[in-house]
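Let me begin by presenting the structure, written as structure tokens, before commenting on it.
Chain lettering (A, B, C and D) follows the sequence in which the chains are written, and residue indices restart at 1 in each chain.
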Amino acid sequence: METKVLSEHYDKPSFKTLSGYKELSGYEDLAKALKMDPKKIIEDVKAAGLRGRGGAGFPTGVKWGFLPDNGEPRYLLCNADEGEPGTFKDRLMMERAPHQLIEGMIISAFAIGSKKSYIYIRGEYNESIRILEKALKEAYDDGLLGKNILDSGFDHDMDIYVGAGAYICGEETAMISSLEGLKGQPKLKPPFPAIEGYLKKPTIVNNVESLAAVKYIIRDGVDGYRKYGTEKSAGTKLFSVSGNVVKPGNYEIPLGMSMKELIMDIAGGIKPGRKLKAVIPGGSSTPILTAEEALKVDMDYESMAELGTFLGSGAVIVIDDSNCMVDLLGVLMHFYHHESCGQCTPCREGTGWLNKLVHSILKGEAKMKDLELINGVSNHMMGRTICALSDAAAMPALSFLKKFRDEFEYYVKEGRSKIKGVSYAEVNH
Amino acid sequence: MFKLSSEGEAFVKKELTRYETKRSAIIPCLYKVQEENDGWVSPESVEYLAKLMDLPSAWVNEVLKFYTMFNQKPIGKLHVQVCCNISCAMNGGRELANHLNKEFNIKDGEISADGNVTISRAECLGSCGTAPMMQVNDNYYEDLTPATAVDTIKSLIVKGSV
Amino acid sequence: MSKAPQPSGLSNWYLPGIFKGLWYTLTNMIKNIFNRKGMPTLNYPEEKYNYSPRFKGSHVLTVKKDGSLRCTACMLCATNCPAQCITIEASEHEDPEVEKFPIKYEIDVLRCVYCGFCEEACPVDAVRMGPEWQTPGLAGSNFNYDIQKLAYRANLKGGIQSSLDDKERHEAGI
Amino acid sequence: MPKLTINGTEVEVKEGATVIEAFKKMNEDIAHYCWHPGLSIAGVCRLCMIDVEGARGPQIACNTLAKEGMVVTNQSEQIKDIVKWGMDFHLINHPLDCPICDQAGECGLQEQYMKFGQYDPEMDQPKVKKRKVVDLGEKIVLDSERCILCSRCVRFTDEVSKTKELGIFNRGDRSEVGTFADKPLNNKYSLNTVDICPVGALTSKDFRFRQRVWYLKNDDTVCNGCSTGCNVKVYYNEDGLFRVTPEYNEDVNGYWMCDEGRDIYKFANKDQRLLKAKKYDGSSWQEQTAGKAMQELHHNLFDDVKTNCSKVGVVFTGQYTNEEYADAMQTFKSLGVASFFEWNDTAENVNDFDDLLIRGDKNPNTKGLQDEAANHSGLKKLADAIAAVNSGQIDTIFVMAPENIAVYPNYQSTYEALSKAKNFIWFGANKTDGFEKTNSQNTYLIPMKSYIEKSGTFSGAKAIQKFNYVTTIVAGALTLSEAMTLFQGKEIEFELRSKPMKTLKNNHFTSNRGKL
């Protein structure tokens, strides 16, 4: 069963507008929050157990707690650069409920004492940009942004910054670089952005969904929010289900629900005549699960970790038995090769190497030792670089190879796909 | 010699003060240049923009070359980007792109003979639930089949020429 | 230092030694007259000795398919040369794929010890030791071989082609 | 002052120092390309990996602050494995053109490979092709295929020279370093990018293909291009000098030097030098050795100077060492000569400074000259000397001419003006083309040693610095001190220098020659 907390009113077209949003008790939680002590809000977010919805799953309240108490100006950045293949929840949230995000952001900004925030949105989301710009204007006109919001004495300005097509800008320090007008390359850590971020000032970067969820922690209180989900993975989360399912789409479910229910029940199951083969549980960067693993895992951070994978951004990519895994890995490796920012050597060269290796398999030119080489290269890309893109490229390569080795070996030996019986050399670019 | 319109120059001036640093305005200004330069950013326009913004041209060029949404070659009136990432690939995105290549008789990145269409393959455009999909200029077209995609593009060409 | 022992007796007398030597010459002379095939010497220059193909004789600079020098002027041969007889002067080539080439490549063969280290050091098969060994000259300067002599002397018939070619190497992506 | 343990040895470093600095302080081997002590931290080559006890995993030493009690190693098997693979990643798209690469012999990749690699490559896919031999103006050639994208040069132009011409364009393994539209990289410090480039991506046009670095020896000296006095390394062999690179000195020049200073080895080379003393007696020129000429001067002129000391003038330039000034002034003072003149063609810009290294006073030792002269009767201007020669007040003139004549635009005309004196003795290092037209009936041209060939001190704008003899280029040349000794009729004491042979690197080819 879907549990609609954030997405309760997403199907109402009026929810997009300020008036429609206010009718559905919008901005009431903002008024409530502005009367609270900012420290209490941070405590509440911590206690509610909200974990970052962007991919890493780092507790949001804890992140806020890292801010130094030195009175320097600080920035709030909303990460709306949704680029993880398979993920399309943020786009839905921005298109259907822009004010929900704005309200969540003002509350968060109030909690961390920020006077300026940016929504960094990927350039391809033209529709979302249009809607958000309109919503921002409405909010400014209504006095919800600007000086002295709702007579609380709290000032806050919000702006939109449009990216220009780089997956890596979804990484928080790369996003900061991009916002500063540099190339979108991740910055060295430490110092972490909470200490030195945008323009060397303390900066908090949160995902769209995390910021929107803050509103509901204020509305329902800590216990109200914790009603759904598990002890360590509290609340509900939107999952983007795509691939070979009957009803792909975004579904909000409480964390801890079984993946079987999500795929087979809510998303309508696999197309008739087909069998589940594998599931990528949290966006293309996360290690793949086989059908058996997928059917027993729960959708929460801990169960995923037990199987050596991650909940990630919540992009469940369902793969049925008509797909050749070598081919799919080729698609992914091309993607990471294309998106590596080129800063750190292991990632810059490693993604290119992996791409060449996998495509040499697809062209039927590979030898058996190349499979070991894929393992070796991937292993030495993991944890060696500034950001996690290198890991993100290596993890699928490792897990695909480990779990579907027979298909790879067959392809290397026969020069054609075990599943489709053809060579993919022509299909791929 | 490329030059922004007076409205464009005013936009650049405004963007320069909109953010905390001048450098942040590079992306928005490059978008403006691309809009006024028939959909692509030429080297001379980079030079011009750098001068206008009073920033080193290497900085502007770095940003231009880093992001995929800035076209560094001339493109057709309709820039068709077909998503070929994993969810779309499983649902026929690549076949769709190949079909379009054949239909308009152009390779990726080329401009069709009538100057209308450029097809390129894009990475995930965030529309995985409605795969396969394509982006034509600013708009998404989702849940496509090769036939509907061709129809969409053709109708857009007609609209554009009217 | 001890004194060498004085020869004494018969060995002190030189005539037996002389006759012994003459006897040896005589027997060999007679042997050679009747068995000319067993003679160890050659009638040079009418007859010539056939050396093994591995003989390291005069140096050859190989050429590319277009006839230009294969040498990239990396100076590894000159570095490795124990006799220090190789002098190279490098220059910028107008073709960026070639980049560097020798405008002067000289081997002072009077200093050369024909060890073949240059051949071994060469990373691009540009210098080889050929089978020639008759290299007469009338003046000292005739023994300072320049590019013209090393790569394009008449008996090389337009130059020896190297098995490695830049173009092929670039196309193979090495 | 935190103390930490590196590979089992304790070391104390400055507050705020990074672990890699501690490694450097201990002279411990650590692989690195992107880190440079004079630039900001980029942390992109990922080779300076270390194991820190208690840390989650391997860290990079360049971005890890040294803390009290830290236990660090880079000798563990895991780190060695990482470094080996790090090498691999650097090499897979690096072209195999060491034979034609100017960096060979001092290349970071070659050094690493010899230390950690020496295995066959595993990559058999085609390499990424990039642009080669890109012309970046008059000084530099770029080969982006060899570039390992360490971003040192980009950081240099951003942070040190602040000219911001360079950038890294594109992304992933298509990244290429370069200037926008291949504009020339022609700032006053651009050749530093060639020095800091760990591979042969940026090469200097001046040095390109002229020598392999393993044929060169090097030694430290002080640049005599301007009054800053940057510490430099000169590279030379029996054919002369080939290049100059900066040497670290925290108090004077840091890690850098200007491009102009890199050219000043040229005037010291043999083809630019006065090789023998020359004498003109009113009818013809004769050549003789410098020592002979000085002895002759002693016989013919020494007593004359003593008796007519008021009619003798000495012209100095700021390009000699403090010791030479002291000896020369002492000699002339003892003869009763009191007319000392200063010749400085850049006198009007003496106080110019670009806030980094370049100063307007193009003489290394103007301060030393003035300080020394202050002990005697001070210095008059060159114009006074010319006027005195013209009016006949001075009939014997000694000129200590500059060696770096590029900064003396009036070199030739000053020679002609001063040669109107009856006795004209010119001490100079440069060759004397066009000097046949002397106005004096008794002209001596004495070859001097350049700064490469002598030891001494320069009083620069920032520090008084001692430098040592590097090599001999012109065998018969003298220092001013030696010339003065001979002029007084004494003999020069020679000291035999036993200088150990220094090669740039113990290179693989020469050291293993016997094993081939």
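For the reader, a short list of remarks on this structure follows.
By our rule, a contact is a pair of C-beta atoms (placed from the backbone, for glycine too) under 8 Å apart; a residue touches a chain by one contact, two chains touch by 3 or more.
This is a predicted model, so every value here is computed, not measured.
Contact with chain B and chain C alike is made by D.
Centrality by Cα centroid goes to chain D.
The count of contacting C-beta pairs peaks for the chain pair A-B.
For chain D, the chain whose average C-alpha position is most distant is A. Rounded to a whole number, the gap between the C-alpha centres of chain A and chain D is 55 angstrom.
Mean C-alpha positions place chain A and chain B at a centre distance of 24 Å. Note on chain placement: the centre of chain B and the centre of chain D lie 51 Å apart, centres being C-alpha means. Centroids built from CA atoms put chain D at 43 Å from chain C. Those residues of chain A in touch with two or more other chains are numbered 166, 183, 338-339, 341. Looking at chain B, residues 59, 62, 66 sit in touch with two or more other chains. None of the residues of chain C touches two or more other chains. Taken as a contact graph, the chains fit none of the simple arrangements: neither line, ring, star nor complete graph. Those chain pairs judged to touch are A-B, A-D, B-D, C-D. Contact residues on chain D toward chain B in their complex (touch as defined above): 164-171, 179-181, 183. Against chain D, the residues of chain A that register as touching in their complex are 166, 168, 183, 188, 190, 337-346, 348-353, 356-357, 360, 373, 376, 380, 383-386. Residues of chain B touching chain D in their complex: 43, 46-47, 50, 56-62, 65-66. Residues 41-47, 49, 57-58, 63, 81-82, 85-86, 88-90, 92-93, 122-123, 125-126, 128, 148-149, 168, 170-175 of chain D are the ones that touch chain A when the two sit in their complex. Chain B contributes residues 18-28, 30-31, 59, 62-63, 66-70, 84-87, 89-91, 94-95, 98, 108, 121-131, 135, 138-140 to its touches with chain A in the complex.
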